[in-house]
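Each in structure tokens, the structures are laid out below.
Both complexes shown next keep chain A, but they swap its partner, so chain B is in the first and chain C is in the second.
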Partner chain A sequence: MIKGRTSRLLVLAAIWAALIAAPYWMPLFGGYTALGSRVLVLALGAMSVNFLLGFTGTLSFGHAAWFGLGAYGAGFCLKWFALSSPLGLLAGTLLGGIAGTLLGALLVRRRGVYFAMVTIAFGQVFYYIAFQWSSVTGGDDGLRGFSRQPLHLGFTTIDLLNNADAFYYFVLVCFAAAVGLMGFILRSPFGRTMIAIRENERRARFLGIPVELHIWIAFSLSCFFMAFAGALYAELNNFADPRVLHYALSGDFVIMAVMGGMRTFWGPLLGAIVFVVLQDYLSSVTVNWMSFIGILIVLIVLFFPRGILGLIRQRSAA
Partner chain B sequence: MVSRIIARPVNRRTILKSAAAAGALQIASPFVISARAADNIKIGLDNPLTGTYAAPGKNEEIGCQLAVDQINAKGGILGRKIELLSEDSTSGDAGAAVQKARKLIERDKIDFLVGNVNSALAQAIAQVSNEKGVLHIVPGGHTDPITGKDCKWNVFRVCNTTRMEANAVSQLLYTKYGKKWHFITPDYAFGHTLYQGCEANLKKLGGTITGNELTPLGITDFSSYLIKARAANPDVLVVLVQGNDMVNCLKQISQFGIDKQIHVAGTQQELEAVEAMPPEARVGVWMFEWYWKQAGANPGLDKFVSEIRKRTGKVPTARTWFGYVTIHAYALACEKAKTIEAKTVAKALGDMELPDDVKCQPNKVYFRGGDHQLMLSAFIGELMSKGDGDPENLFKVNSVVSGDSIAPSVAETGCQMQMPA
Partner chain C sequence: MNVLEVKNVSKRFGNLVAVRDVSLTVKKGELRAVIGPNGAGKTTFFNLISGFFPPSAGTVIFEDMDVTDLSAQKRVVLGMARTFQITEIFPELSVYENVRIGAESAAGFRLRPWLSAVEKSEIRNLVDETLALCGLTDKAGRLVGELAHGHQRATEIAMALTLRPRLLLLDEPTSGMGDQETYEITQLVRRLHRDSNFTIVLIEHDMRVVFHLADFITVLDQGALLAEGTPKEIEANPAVQAAYLGKAA
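Moving on to the complex of A and B:
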């Protein structure tokens, strides 16, 4: 028998091998590289939501706000300040992350449904600002007129704009860095404390853990990851529109996390793959594609509350 | 986990199960690539089929499909058959629309892109088509910059600009109904540019604005705005909202009896919306971008109307005509250029005049080379509460104004067209 640690490494190797080889095997099944990039970006968003939902037990329904701020931040940077893809990512991450951190201080005093409602409210504030402030954000038309820039590495230059595969690998490297950091945080003592708060908040408080502070830090980290994903999304589409701030998108992220399996690290990635690929495929086949996705979500919530990955784990453990 | 799967002895059931799963995968594989003839010319339609703009999106698709079938029946473009690949862009999600544009261009390798009804989505996908160098016609997104300051060598537009719509009715309303206007404007990009156009025209004519009510998209209760508008006592109430908002607004105008006191008018009106209104709400002076019932004999028009009626049981709307014109214009340009290479076709399409059986209207209709905007006529007239001669004839056309008389000059649009070498 192979030990648990080895098998975990095998699964990890399989995931990364599949992701790295994606531009080569996807076309065989009728996929296309831009779809792969989209899956990765939205998966990173879903994993950020899950960082809070699955590991701290706090449901935010307004996370699209930080995603959207990240997208607008990257857009502003590329349009007005600096023609550089990495700087765009940095600007977006900082804008969304800092805004999330500041507002998070107000949010963490609420729990459960109240927390979720306040996050929606804050999210919609940003949505309407983007919608109304046409002179800066482009209003309903969205922020356009910028595009991702070639990546200068000193010894060579990579054309991210016209080479879809190159951009996919750029996204993959960003995804790997963010996910690696996320995994590192979760394995640290701080990450364990988050899980302790999720399991029993009162007990954690009696143990002397400053619960509010920890939730705030977790929320802020989650916002930074989310904004990073949003900045990547802006560079994927080469524009940002108010819809990336709307709570409907927050709902999509929660659905991806729940569908794939919250409380598992890789679940949201699986959820994002299923959600995005299904959406892409079904919407080409039938105009009633939303009903099918809706039915699938209902079925998963009713019968597999631990999500797809939770189901697989349960099966293999039985 | 993995070790367990590896270590587990393989039994009959496992084999049967995996065989069944493999079989199901063959049928239900998420990406079934249907066999497509390699030498077909592929046209991608990236338009809303769900949401607020589903009805106009569907009508544009019907128009496109009719044109495709007609062209194929005559042997296709340059001897090659054409096929239409349709994708749902959704009504407002620019991310989804862009993704679909990439799917059509990267995976399906289309030669020509059509879309979108929503102005914002049209601008977003124009950026993709430009990046990829694919010829692109916008059938029904009205906002000015598409053929104005954001114009591109590969992007053409069939429907009017908001400025053309404003120009079409301003003079008539001013001379016929009076110089004090009050506006009801949808609070987003399309509404803002349309209002600015009307405002500029009215100022030039010497009229005054008594107020502008900005209404959020999708509201159902217009009473507070209408009361304010009536209190301001204008000569004309100009309604700029669209779609379902238009239906609700006109319903309430007729319930309040405002149409008996003030002249009700607007710029763009669509048959899809008029058919959804109760008879008493069909009031006022409007502009249609194209109308199916026209004075005088026009065999091309009669054929188009009867073909669409045969297919759908309804008359074509302006949206159906947009789709129809888009495909025919592309085919004509390819025949003229004797190639489907995008740059050459784009050059052929600039300044191209449409023949009678395609334009289906009296005036000269042509693409303007300077900004790639189609010069199409405006049909100005009044709504009728009951169909005249035909239940679907709900609009009385008073005049048909040619497109170049209402369009701002190329210099005024702000477009600086740069054709690639």
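Moving on to the complex of A and C:
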């Protein structure tokens, strides 16, 4: 017990130390700070998908919808309403989170493939709206003309736009807050009911847990986290286009989660690192980078069905 | 006082009538056994009582309340708990965690983002007590999916007990067990009945277990009620012997 706990604390300390020091060690391996920010944002998205997939056992294949709404929400806010990075994040989170919560109510009776199909459909609806409604969204060209704003802290002002390291730490603080909240929820009585539903829906029901309500709440929370990630993504790129809503991106998030290990909390972070770094490297070498990532996924799923982190855990347990 | 009154329930699956016009009354503190040959409709009858699916006809009354139209989950909240013929547990969680989920749900904590120290210790005490009652204390930290069949069944019973049910439905708790495991589960059910005063309805194939435990026995055959009475009456009943005991012996 004690031993398991110390080793878990050590792993946690190692993860946070690596993330905090990233701007200093990444350049040694040919990385750059903006890539680190991108990893964090997409990892948050993958962890949000996994909040639902890995811990409630429910696969959403349209989570880019909430990510994309978060991105557009942040963009709209920064472009038209308020020149503030935190308010942009708030606006995006609320837009995607509330939309996900409302539409999620229609989903909770679906299971498995049917659940996944309906989530894809929702995602595509938003994709076509963003694509067609160019007077508001900029259509295919995307939403432009906004940028993240300096952060006023009262005693000082931080330039997030031009200082890549400062923005990285801004993203890291957001990431830490969201991930900390996720971990907190998963360790709560409510979080345990999510895991109960994943493990055995029938048993959960016969312990007096209203399964549909709990799936709905878990789905909604996951949408808020996802939208928060999307809003960060818009501020990362100072741009949002319809691809942030597309199911291809939903698929990328699922891939990151599965590749890293969906039964683990930190697996999707690892999956996102591998995915984003490979994408960044391979796409500069070959236009066929997706097929290499595809082969890697097939290998991982075939040989390490529990993902990279699942494998590491098994090894260290043995 | 009657804990359970089932009145003339039937269940059809297409052309098959799995349960035909069966009634049953269970008094507080009673241990009732439901027996019958394979396919007699025993599990289906349990499913109707527990709300797994609605009956095609008839009513189910639990503690003077008509629950026929209530969902399974609502019936659990009212105080009806069950186990399944094929064990339903959370295989990748420890025994302790399995039982804790039941305890937290029963305490009304299922939506809570956190618990106070007092609430936590209440839950811990309930879980520890229940584990002790079911003989699982030394298994608390083990993954339930890795345990022997008998301990998995005991865990399922423990989960049901954390709900502090006023009616406990057990579907063949000793099925697929060796003699030692059967003995242990039988002793557990006996303790629950004699010492803790649970009202229990039990489906059971093993006649030794049934005659050892039951106050009253209900016999189903081909979906219909064949006989009802004390173990002595059932043993002496010619129709039961013909339909069931004759074949089993």
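A few comments on the model shown:
Just so we're on the same page, the second predicted complex is superposed on the first by the 316 of 318 C-alpha atoms of A that agree within 3 Å, B and C clash if a C-alpha of one lies under 4 Å from a C-alpha of the other, contacts with A are read in each partner's own complex, and residues count from 1 in each chain.
In the analysis below, a residue touches a chain if its C-beta (ideal position, glycine included) is under 8 Å from a C-beta of that chain, and two chains touch if they have at least 3 such contacts.
What you are looking at is a predicted structure, and each value in this text was computed from that prediction instead of being measured.
Look at A:Arg203: by the touch rule set out above, it reaches chain C but stays clear of chain B.
In the superposition on chain A, A:His214 contacts chain C only, with no contact to chain B. Applying the stated contact rule after C-alpha superposition, one finds that A:Phe184 touches chain C and leaves chain B untouched.
Of the two partner chains placed by superposition, only chain B is touched by A:Ser283; chain C is not. Judged by the number of chain A residues each one touches, B leads among chain B and chain C. Contacts of A:Asp252 after superposition: neither chain B nor chain C is touched. By the document's definition of touching, of the two partners only chain C reaches A:Arg192; chain B does not. In the superposition on chain A, A:Glu235 makes contact with neither chain B nor chain C. Note: residues 1 of chain A belong to the chain B contact set and to the chain C contact set alike, using the contact criterion stated above. Note for the complex: chain A touches chain C at residues 1, 184-185, 188-190, 192-193, 195-196, 199-200, 202-211, 214, 217.
Against chain A, the residues of chain B that register as touching in their complex are 1-7, 29-33, 49-50, 54, 87-88, 90, 92-96, 98-100, 102-103, 106-107, 119-120, 123-124, 127-128, 131, 143, 150, 188-190, 192.
Within the complex formed with chain B, the residues of chain A that make contact are 1-3, 6-7, 10-11, 27, 29-35, 38, 131, 134, 139-142, 144-145, 147, 161-162, 164, 233, 237-239, 241, 243-244, 277-281, 283-284, 287, 289-290, 312-313, 316-317. Remark: chain C residues 50, 72-73, 76-77, 81-82, 84, 88-93, 97, 100-102, 104-106, 109-115, 141, 156, 159, 163 touch chain A in the complex.
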